[in-house]
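Report on the following structure.
Going by the order they are written in, the chains are A, B and C; count residues from 1 in each one.
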């Protein structure tokens, strides 16, 4: 039961939490500020920065000079494509494991999890080589496949934990009502699991959007998503704070918004249901 | 339509045999109740008939056809689940129409049958609600509605009333019995509650550990239980089962006498005892009497309101015409 | 519990996922193993034949190996230490009643959603740059000499950047765990005369043990393969070369595939040791 808390204690809590929260958030806040400044102003002292004129200039420059939207769409294609493809493959698998469990189900789930823990760098060259041979290097299609594969265990796991919460009797009822497997999945299971499937999609889009090992190593100019595009600022020429800030803000804004919606699912998805 | 025959049906989960070879004949139009304590295999048996589980051995015949390996959808049976298993994302109308939609009936026919079922079950006003907006009793009726629209060969009920409160349960019990009389379709009903079995069944199948202990009409089971298990399970309050010298006097290992077949008197009788707790129901009074002759207290029913104080000395006399005798294997004698 | 029919359907529906992951695991793994026993220099002669365990020995005996192991351990250990301590404190604070709790939560979680390349570059340039960075301005405002963060204090700087990214993760999971604690337990202990410290030590911390273990294991797995943050900040210079980065350099920069692959096998073994512990915990939860 909730207890009456003195206002004094609540005030102290509030001040402490807000101070820490703002401190943690500050780097993001600061690049938002810088992104609306001119390059000349962006390198001044913080107080001078705040006092200087606001401008949208950097946002236009980033798009003009480096074709921001091309990279943005690469990111969208890769993140959304890999996630949807993963869902398509994972829904039947998760159905099987949740509703027709066998002695091996547990082992298969654990094994899937173990593939997720394979360090990417351990298989970097083979994948690199395969990509060259198959002509997939620097293609969004290649990255869709790779990111689908690295996130597939998480997708299967998340769906599995959501499906397990759906009572098996409802699916049996559908079977008694004359539904075949396709109808059972399409008309009964999927509509009931919509919230779970949506959160799974959300979290995996976030993970794929931010993935920065394969996207850096398997793309060049053509298929580079935002992770790789931003990395090109690591050896810049001239003043670039405002441009980098603008590019960064645009790169993280969509995911930040999605992330805030998926806080709860984040815990479940990233701990494989071990923390609820 | 609606004749089900099980022959030598067995079911094992891994090494555990939950149903040893079992034969059972269910006739057309019968209301059959599977009753037994939890874990006796009654739900498994129902699921074998439904096709939701494979039999390990034996044969399931439905209307003379071998249905042993048929998928549930092909068996022409409808089932009402304990949790009702309504589709939460569909309206009541869509829930009831679902089996018709799966069968590929045209929209007009679907509507007609749904309207008819809703009328029978008093659901017409709720057709556009979601299951989540209904009370327990209404959900139960939707589940039944979903079953009757298909005009199945038989209805299967898996403990359908166990999620309802006591008052509603009595009402639904009547409604289901009423429905059976009206449709005259075979119904198989699983419950652990012997009162439901006694009040609803044409034929009761008493199960224990996957074995059929007795099959018969409610009154047959009441009058002549085949063994001590059935004797103790059927009837409320339970039959008094007594051993020792009193049983030996009747040439039996155990004798049984129902609470309603014992006369109680404060003056004289066969067995002397002391009144323990008494339960006054108004129409009846149940006394728990401790007799020095028996290890367990006896339950005795007296009609109407009789007042005997806790600790009062009483005499009990069993009605010899209603005395049940069992041998050392617990089987009925004579 | 199901029928033969649904079991065979289940196998069929599981097949695509299982086959894909099997291929994804086995094919590259076999290739890595294969290369690790070869002298293989794609730009300098290609496949130069079998060399047995030569690559494994050379990888371990190279002068950069032990420093890389040390760097890896320092980064993983440092980040774990910071995120766990701050994470527990922050989770306890966020669990308290306050105004605007939802907003604070959002502020705290935000860094987790920042892509690694962005956070690396933003910290490197806008904050840690010794001329124009925010911290340099701050230092000067107090009359101090700005620090050359990423060259003079490279490891602490990296640990700070990575901790900033992972603190939200630890906080969020620990907060979830704290909120699942039955408040009656705390009230009962209060009735039993436990003070705040007792309650933390005897009830809250044991309740968090499992969540803490999960955080440690998952973070370890991710931190062992930290890449982008180093790639965009120091590119492995100034003693920030981790095992992952060392392998990356061997494979893609110096194109010594055999040597890099042997390193890859080491990395896989290392990750598997951690993974076994994590899987034990997750597995236990499956039975519940």
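Basically, contacts are C-beta pairs under 8 Å (C-beta built on N, C-alpha and C of every residue); 3 or more make two chains touch, one makes a residue touch a chain.
Owing to the predicted nature of the structure, the values given are computational and were not obtained by experimental measurement.
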{"item": "Leading chain pair when contacts are tallied as C-beta pairs", "value": "A-C"}
{"item": "Identity of the most central chain, Cα criterion", "value": "A"}
{"item": "Chain whose average C-alpha position is farthest from chain C's own", "value": "B"}
{"item": "Chain centre separation (chain A, chain B; CA means) in Å", "value": "54"}
{"item": "Chain A-chain C separation of Cα centroids, rounded to whole Å", "value": "16"}
{"item": "Distance from chain C to chain B - Cα centre to Cα centre, in angstrom", "value": "58"}
{"item": "Of all residues in chain B, the ones touching two or more other chains", "value": "52, 71"}
{"item": "Junction residues of chain C, two or more chains touched", "value": "2"}
{"item": "Touching residues (chain side chain A, partner chain B) in the complex", "value": "167, 169-170, 172-180, 183, 187-188, 191-192, 194"}
{"item": "Sites on chain B touched by chain A in the complex", "value": "50, 52, 71-73, 77-79, 81-83, 85-89, 98-99, 102-103, 146, 150"}
{"item": "Complex interface listing, chain A residues touching chain C", "value": "1, 5, 9-10, 13-14, 16-18, 20-22, 24-25, 27-28, 30-31, 34, 43, 45-46, 89-90, 92-93, 95-97, 99-100, 102, 106, 108-115, 117-130, 149, 152-153, 156, 181, 206, 209-210, 212-213, 216-217, 226-228, 230-231, 233-234, 240-241, 244-245, 248, 251-252, 255-256, 258-260, 263-264, 266-267, 270-276"}
{"item": "Footprint of chain B on chain C - complex, ascending", "value": "1-5"}
{"item": "Chain C-facing residues of chain B, complex", "value": "13, 51-54, 69, 71"}
